[in-house]
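Following this line, the structures themselves.
After this come two complexes, each holding subunit A, first together with subunit B and then together with subunit C.
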Partner chain A sequence: MIDFVIFSVTMIAIWSVLGISLHLQFGLTGLVNFGQVLPFAVGAYGAATATAHGLPDWTGIAIGAVMAPLIGILVILPAGRLTQDYWALVTLGAAEIFRLTMLNVPNIAGGVEGMSVYRFASNRVGMAFALALLIVAILFALRLGRSPFGRMLRVIREDEMLAATLGRDPVEFQRSVTVVSWCIAALAGTLYAHVVGYISPNSFTVVETFIVWMAVVLGGPATISGVVLGTVIVQLTSVSTRFIAEWSHLGFELVSNLRLGAFGLVLILVFLFRPGGLIPERSERVDAGSQ
Partner chain B sequence: MMQILVDAIVYAAEIAIIAVGVALSYSILRFANFAHVQFAVVGAYLSFAANQLLGFVLPVAVLVGVVATGLIAVLVDHLVFSRLRYISPEGKMIVSWGVALFLRAAIASIFGGAARVFSTQPVNLSLGGAYFTSQDAIVVGTTVAAMIILNLLLYRTRVGTALRALASNPDLAATRGIPAGRMIALTWFISGAYAALGGTMFALQTRLQPNMDLIILLPTFAAVTLGGLDRVFGAALGALALSLVQNLLIDVDFGSLVSDTRWSVPTQFRDFVAVGAMVLILLLRRPQEGREAR
Partner chain C sequence: MLEVNDISVLYGGFRALRGVSLRALPASILGLVGPNGSGKSTLLSVISGVQQPATGRLQLDGQDIPMGRAERMARHGIRRAFQVPRLARRLTVLQNVQIGAPDQPGENIINLFLRPRSVRSRERVITAAAFEALSRVDLAHKASDQAGDLSGGQQKLLSLAILLMAHPRVLLLDEPAAGVNPVLIERQIQLLRELRDDGCIIVLVEHNMEMIANICDRVIVLDAGEVIAEGTPVSIRGDLRVMRSYLGDTALEEK
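== the complex of A and B ==
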């Protein structure tokens, strides 16, 4: 029982960090990124590569934290000037290219078999790391959201033209926030790999991206407390699928399908009846004189 | 060479008919509908159910599947998207993921995760040294017929004129008395029905499984992107171009060109080409094109 609680808390912390990285991009800046699983996967594969070559653990973190923003820049550099529809397609495509590469070129990272990763000595250590990362991510995101930089991101979200009129280049801001956000997501991915101890291309599909989106939209994309609350709900539902399946005798596959269907339905209902999520953003009055 | 061409045309036919629906709905509804791919899967399963469970002959079963999926699409619009007409296109896009996930879960719950196959006995044919089956010929014929019907509908009827008016200027169209609500419902019906037809043919050629959506998703959106998101028949051309490149890359023996060993690009890289082409095209687009639309 205690193991289960530790596992749940760890998963909630890791996916909350991933949710916060999406909060920075979508909640604050309004970028629709349908490939948020990509930096997460890059972080995880960074850890796996470090383990495979017998390198110390921090190299895994470094590989992920450097590679993910680099790939992020590669994706956003040309895509920054696209409209949202195309930006969604490009990020979705980029994430799938990465997954397909890992799947079809076994020489890089074991193909469909995946790779095993060095695991933390005890699950408590994993939980401690996950919570520490979560706290750092929350403090960072709060600070960023309240800074002038964060305010400009909100301006870009509401009206890119206005931001340009104020003399700021929206693309430049979008690029910076993508680099930061992907770096955070990569750290979450590295930690995920070390907690689970095994990664394969099947852990990083479109469905995983969708689960992050689900949590963020449900809780409230523009607030950090909303993102964490959404993640708690979604992850608790996910980890308890096995128990519900045992208890209801419906079979694991059916229950997990029903769970995904419920996620889809909840997403639709949130948009219909509570567009700001469970914890919506409050409008802030900023007095120019006090700045 | 002839064989590559035939393979390319057959694959293009399966994708084109789904892609055309994405472009049609984008041109009128103004958002990329990710649930569209799911309509293809739903349609394929409904055709399968009508054929194997209700015992209709295959053409009738396909018709049942197509019409039923069209109605499901109208229902989705009525229940969800008609209430969200004025939110941002990004919002609609995210909601369409929700719809897609719901439909996928419904299909997987009802029919189970195992793969199923239509029982058909295609005859082998050949033309100019290229081999194909009678089923390939039917698929291509159906796609061509469907394209001609859609073209006639859009360019030769009053309804088509109304749809095109709505696509080019919704406000003006509404002012001129075009019933936007009914036309939007019709758009959903047509794109849902076409997706179902394409999905059924895709399943006929391969097999039926709930994760078919991920197999169809990328080539479809790649084809639509190649043709231009809002150009209906551009999507069909995009599918053809994409399929030609894919089949050329996979079928041509590059190894023999440079050395004595045979080597060609493995088949798994088919999707790779699709995604690669899509990303490349998007990145090479003229910068201001997207911004103008706002």
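== the complex of A and C ==
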């Protein structure tokens, strides 16, 4: 039981970090990124590569943290001046290209067999790392969100033309936030690989991207507390599928599919009745006297 | 001096502007009038870099500025307010004004973590300036409201306050008085005069002829994408043919 709790907490922390990376891109900047699993996968493959070549662990972190933003820039360069809809398609496509390449070119990273990764000595260590990364990500995102940089990201989210007529290049800001966001997602991916101990292309399908989206939209894309709350709900639902299956005698497969159906229903309800998520963005109060 | 020469804009086969030229002197207000669809807003879009013209050039104080990029025009001090105010509606009124300030070290991620002090001190200056700009348009008491919750007239004033933050060299205003109550129009006129006296070049698109007559030094009349008359407000007003043909009879009866 205690192992299960530790596993749940670790997963919630890792996916929250991924959610925070999406919060920066989508919640603050309004970039519809349907390929957020790509930097996550790059981070994980970085860890696997380091293990495979007998390199120290930090090289895995470094590989992911450097490669993910680089790939992010490659993706955003053609997508930069595109409208939001195309951004969604380009990022979705990029993530799939990466996954299919890993799947079909076994020389790079084991193909469908996947790769094993050095695992932490105990699951408690993994949990400690995950929580530490989560705290750092939260502090970082808060700092960013409350800064003039975050303010301009929100302006770009609301109206790119307004930002341009104020002398800012929206693409420049979108590029910066993508680099930061993908770096964070890569760190989460590296940690994920070290916790799970094994990665394969099937760990990074489109479904993973949409599970992050589900959590972010449900909890509130523009608030960090919302992202974490959404992740808690979605991850607890995911990890408890097995228990629900046992308890209801419905069979694992069925319950797992029902879960996805329920996610879809909840998404529609959130869009209809609570577009800001469970914890929507609140505008800052200012005190005119404190100037 | 703002000098715009031979601007043509094509929307598909439709010529929205045909070789329009204008000159505006520092510390002056130039009125742009003409019927709907005559190309006034398109001309503002060209000057503000939002619209890339097919032909033409733009000079500010003798310096050529390449057209077609809004952020470049803004960086040269050419600032614009839109007919339907563009605001960050889910941000507060204060935040909307703060973003009007150029030179914000806090908009660079590296500065945020390596030079937090200079970010904070610049932010304090910006906030103080923002409150001042808000009081100039009588909106200081709304500072913490969401911008989207303001009335239409207040939103126009807010977009003016945003522009004030940048100390623009050229100010392009698209119907600032539409939907604003008469008391606030007075306030706007006062504000525009102050800006003009500070040396700003103001180009004003407006259907409120009283406002045009009141504050414009020169007026250009556009019709079907061409300049058909130019002169002082009095001479334009006296040109009955212009008034009747292009502003309609009702506008005359109001006078």
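Just so we're on the same page, the second predicted complex is superposed on the first by the 284 of 291 C-alpha atoms of A that agree within 3 Å, B and C clash if a C-alpha of one lies under 4 Å from a C-alpha of the other, contacts with A are read in each partner's own complex, and residues count from 1 in each chain.
Note that in this section contacts are C-beta pairs under 8 Å (C-beta built on N, C-alpha and C of every residue); 3 or more make two chains touch, one makes a residue touch a chain.
Since this is a predicted model, take the numbers as computed values, not measurements.
Of the two partner chains, neither subunit B nor subunit C is touched by A:4. When the two structures are aligned on the shared chain, A:32 is found in touch with subunit B, with no touch to subunit C.
Of the two partners subunit B and subunit C, it is B that touches the larger number of subunit A residues. When the shared chain is aligned, no partner comes close enough to touch A:58: not subunit B, not subunit C. In the superposition on chain A, A:243 makes contact with neither subunit B nor subunit C. By the touch criterion stated above, A:152 is placed in contact with subunit C alone, subunit B being left untouched.
In the superposition on chain A, the residues of subunit A contacted by subunit B and by subunit C overlap at 161. Per the touch definition, subunit C reaches subunit A in the complex via residues 48-50, 69-71, 73-75, 79-80, 86-92, 94-95, 98-100, 102, 104-109, 112-113, 119, 123, 126-128, 131, 140-141, 143-146, 162, 166. Per the touch definition, subunit A reaches subunit B in the complex via residues 30, 32, 34, 78-79, 81-86, 88-90, 93-94, 96-97, 100-101, 103-104, 161, 205-206, 210, 213, 217, 253-254, 257-268, 271-272, 275.
Residues of subunit A touching subunit C in their complex: 143-144, 147-149, 151-152, 154-155, 158-159, 161-169, 173, 176, 180, 281, 283-288, 291. If you check the complex, the residues on subunit B that touch subunit A are 31-32, 80, 83-84, 87-91, 93-95, 97-106, 108-109, 112-113, 214, 217-218, 221-222, 225, 229, 266, 268-269, 271-272, 275-276, 278-279, 282-283, 285, 287-288, 290-291, 293-294.
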